[in-house]
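Note that the chains are named A, B, C, D, E, F, G and H in the order they appear, and that numbering of residues resets to 1 at the start of each chain.
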Amino acid sequence: MGWQVYLSGEIHTDWREHITRGAQAAGLDVTFTGPVTDHAASDDCGVAILGAEERPFWHDHLGAGVNAIRTRTLLERADVVVVCFGEQYRQWNAAFDAGYAAALGKPIVTLHPEQHDHPLKEVDRAALAVARRPDQVVDLLRYALEGTLPTTHGADVSTAPSAA
Amino acid sequence: MGWQVYLSGEIHTDWREHITRGAQAAGLDVTFTGPVTDHAASDDCGVAILGAEERPFWHDHLGAGVNAIRTRTLLERADVVVVCFGEQYRQWNAAFDAGYAAALGKPIVTLHPEQHDHPLKEVDRAALAVARRPDQVVDLLRYALEGTLPTTHGADVSTAPSAA
Amino acid sequence: MGWQVYLSGEIHTDWREHITRGAQAAGLDVTFTGPVTDHAASDDCGVAILGAEERPFWHDHLGAGVNAIRTRTLLERADVVVVCFGEQYRQWNAAFDAGYAAALGKPIVTLHPEQHDHPLKEVDRAALAVARRPDQVVDLLRYALEGTLPTTHGADVSTAPSAA
Amino acid sequence: MGWQVYLSGEIHTDWREHITRGAQAAGLDVTFTGPVTDHAASDDCGVAILGAEERPFWHDHLGAGVNAIRTRTLLERADVVVVCFGEQYRQWNAAFDAGYAAALGKPIVTLHPEQHDHPLKEVDRAALAVARRPDQVVDLLRYALEGTLPTTHGADVSTAPSAA
Amino acid sequence: MGWQVYLSGEIHTDWREHITRGAQAAGLDVTFTGPVTDHAASDDCGVAILGAEERPFWHDHLGAGVNAIRTRTLLERADVVVVCFGEQYRQWNAAFDAGYAAALGKPIVTLHPEQHDHPLKEVDRAALAVARRPDQVVDLLRYALEGTLPTTHGADVSTAPSAA
Amino acid sequence: MGWQVYLSGEIHTDWREHITRGAQAAGLDVTFTGPVTDHAASDDCGVAILGAEERPFWHDHLGAGVNAIRTRTLLERADVVVVCFGEQYRQWNAAFDAGYAAALGKPIVTLHPEQHDHPLKEVDRAALAVARRPDQVVDLLRYALEGTLPTTHGADVSTAPSAA
Amino acid sequence: MGWQVYLSGEIHTDWREHITRGAQAAGLDVTFTGPVTDHAASDDCGVAILGAEERPFWHDHLGAGVNAIRTRTLLERADVVVVCFGEQYRQWNAAFDAGYAAALGKPIVTLHPEQHDHPLKEVDRAALAVARRPDQVVDLLRYALEGTLPTTHGADVSTAPSAA
Amino acid sequence: MGWQVYLSGEIHTDWREHITRGAQAAGLDVTFTGPVTDHAASDDCGVAILGAEERPFWHDHLGAGVNAIRTRTLLERADVVVVCFGEQYRQWNAAFDAGYAAALGKPIVTLHPEQHDHPLKEVDRAALAVARRPDQVVDLLRYALEGTLPTTHGADVSTAPSAA
């Protein structure tokens, strides 16, 4: 039975493709889900379907509701939730997803550059792993599903402790 | 993995068929469920199976119990619950289903004409989208499953805000 | 430790006062809660606090949200939920509360005239008792809390079955 | 029985004091809780109690864990969660708290200036009210607890709709 | 997606076969599960696998534990729980299963002769239908899954009330 | 903070008084709750409050609903559930309560003579202790609350094992 | 629908292979899951993927987090949890898994030699069966899935009690 | 409203008294609970109350059940769970409690010497803080309840980072 992994967070870089391709190359039995990443569609889905709103607040409110039909369903189905914080934007919805996933008891992996470590400390504390690069997320998933470690990158494990 | 969508509410118009056909035409991976919509069967299922009752109250009580075996099971299995309020009848069971779904945390879409907006405000507040026409429900499901927006109806999105 | 009883439903007759006074006269250790019953305040609380909305839909939406801060909290605290359906109005919010309470597993008592028996059959089926008069609700609460029955109204119990 | 209200979010302005004083002036039966708002203590609580860490990541990790002992407990006890986003800082922990509270089904009130409306749209959609000023939060709590509306600010309610 | 129906209760008559054959004849997409109905195996499974016990109490204790590995798992997987009380034996485990299923919110159908109506009133009250014959259980399942009523037995429905 | 102990089961002997008096004599901070033990009132509460029913089935159904308002509320509040099976009657409601409590994860103590050991094996397996006499229940509660053992009855503990 | 069985605990002997082969030989529809049993990989997975840590505490902390992505997911999916305590090592993580599974209400089987009976008494009390040999676990699973008992080992059942 | 803190784990040293006295000296509004720490009583409570058992396994089984009435109730009531692992004994019940508390989402603090870091890594990973000395637990509770840090021990905080 495959795993379902929800990829939450920023939609301006191609981190999702890196992870998806990496998992595919590794032959992992994983299905990736996530929010709609077409920014214009994501912003306008509410008014495009339900009718225009003059006030931007309600324009956004409609859209956030429509997006939540998708995201909440997929988030609750997920076995693992990966949350990516990019270098720009506030990405409060990514942190919101992380809190939502934490309260549901989902295993969380965060993915962000070191510069965000301090403001993300509460989110990272609720995660089981903090990754810096998409390939590390692929490695985490391979280990979780198949129990095998990468051979070429990360730490040299030859001097690692051995006892029980 | 497909979605299961429960269509709750009025059983006197063909709104369910509109949605079902629309989703089929759009090729969506959705299974629709709902209450028994044969009104006579729905009213009499209790006494037809378990034996006649003289008092109408118990006639209804038996029937409501038998219907609940179906509806509660399907409602709890649903990924999304659509609740339709028609122009006639009180449809308290539709509102009951909405409350039940809300407490379970299911994404809810309501479908009703504007004339009911005020008395349905509590139900609508618990919904993620309020639709006026069955084709909007199809559009919502297509967006939720596939992330694509309709091109011809709804608002003109070309002037929509763009930021993050 | 006293009981908390949420009185949901119609706000146009004085059924709440009947129950409250009856419980007080019976000396029951019960605290009654419920929605705001000042109709104008309940309709306008959203815009009165958060600012005016031109469209009636959002006027209602704001108000329903503000009312839900109160009603959802009190409903979840309640030990018993009484839901009253009057002779007028659609009272979908009452049926919504009943569904919400049912999904939470709360004991439900409905209160309504016989004329609504058929359309309320699903709601009544989810209830543990269907009362016709407020004094019956008081009797139910007295029995639930103190185990004593009324002596003067209801059925003559002298011919009731006795075995185990 | 009083209400417990958790005040989550920014710790650089005095919005908590405004709300606390307002609720006290209104005589509301509310207990306010929240994170430790002494910024230095909040940042250093981990190492101050458990011992120094060289790497800032683990310094933060220790502190986030220690703070979570407090915040998670108080958040789960809360009847209502108010989440404030100030004009500065990323405040991902505030959005995280909002997501956590949403998954627990807590009524949420957000408090932030309009400039954040678009990036906060997902968080606001999960809230029951979006306030702009602390006095509005006090008004919301007064209405939730006592059912009374403010008389001098907000919308003119004289033209509000009336029926059901 | 088929339904899973747990058949709890007496193991001395062939009621399970009646239901299973009836559902098969009706072509219902149902999988039936239940406890081990080989009485000797059910009584001795504990000691047969884990080793003999001198005291009958622990003999039974071991067996009840081993049976619970099966029954608890299948009960929790079930969409519907049917509980049968035969004419003999105390069948406390059937009533225990009914209570367990009730607390989990499973739809319950009881099956027993009228003579047990009074002592089973609490169990029946927690059920959505009380059947007297296995074929009625099959009819209930057909209605729940396919929405069709039996044509030849049960009440004459021609005089049933019709409106809403 | 005191404990709440629900005493479920037979209502024809004075086992509840034995436990209550014993706990009082021991000065334990325990509140005992339970069903209404006035057999006639318990059987007739439904019709006495809600009106007569001709058919005994509905007479019982009404009564079971009314009793459940009390019993379900108190059962869910309980810290410990004691279930007593006497020498007579089928007491299916006691077994039902035990199953309900088990699914809620409540600590269960059963109280019954050895003659019922075999048919009660499933219920006993779900219990944390099987007592034979009410004074043992008092001893269990004293130990649970205060950590002290009885000095005069039960086993001679002087030869008990000591290690860890 | 097959069962998923999580094999928790010691990773230094081949008990998992015994159970897996036995179940396969018996043709049981069971999928076995468990932690990564390559000891070096399990100890170093954190640093191997996420980067080296100087302090052994954080080395272990990273690894435990990465392992938990796998183990928590598989544990929550399991129908049955088998926990093995070998003759050596402290195996606190096995006891931790047992407590975790117990709180989730999973059926637990423990597997350990008699010498650990006293210190494992709390864990065993939360289990539905305590096995001494892997073949007993296979027998338990065969009985749970297929209702058949082993014929050659364990107790002689010919003198077992038979009544109800 | 005070906090309830469950002190789980070893019963051979006086760590509980250290914490209790420290919290009292600090004037914290905390109630401490825990298992019965009289080792002989804890081992023999089952047979002392319920009657002797010849086989040590059942002697322990009875005792573990009786202890669980207390420990499970107090553990579920706790706001925070502190789990101490001493230098001796296997203390599997402490690890079991930690797993149980983790699945319930309770904040966990572990207390143990560094020598156990490696075998306790899974338990520590599920904790929000790992303490070495009882006074650190008191400091954690003071910070959690009152937001104040100790002034004399732990790290020098003057050079701690300051940003957000």
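Definition applied: a contact is a pair of C-beta atoms (placed from the backbone, for glycine too) under 8 Å apart; a residue touches a chain by one contact, two chains touch by 3 or more.
Predicted model, so just to flag it, every value in this text is computed and none were measured.
Ranked by separation of Cα centres from subunit B, the top chain is H.
Taking each chain's centre as the mean of its C-alpha atoms, the one that lies farthest from the centre of subunit C is G.
One inter-chain figure worth recording: subunit B and subunit E are separated by 31 Å, centre to centre, where each centre is the mean of the chain's CA atoms.
Subunit H has its Cα centroid 25 Å from the Cα centroid of subunit G. Chain centres here are Cα averages; for subunit A and subunit E they lie 44 Å apart. Residue positions of subunit C touching 2 or more other chains: 56, 60, 65, 68, 89-91, 105, 118-119, 125, 128, 130, 161, 164. By the touch rule above, subunit D contacts subunit A in their complex via residues 56-57, 60-61, 63-65, 67-68, 85, 89-104, 114, 116-126, 130. Taken in their complex, subunit A has these residues touching subunit B: 4, 12, 31, 36-41, 43-52, 56, 59, 62, 65-66, 68-70, 72-73, 76-77, 89.
Looking at the complex, you find that subunit F touches subunit H at residues 1, 3, 79-80, 105, 107, 109, 127-132, 136, 139-140, 143-145, 147-150, 154-157, 160-162, 164.
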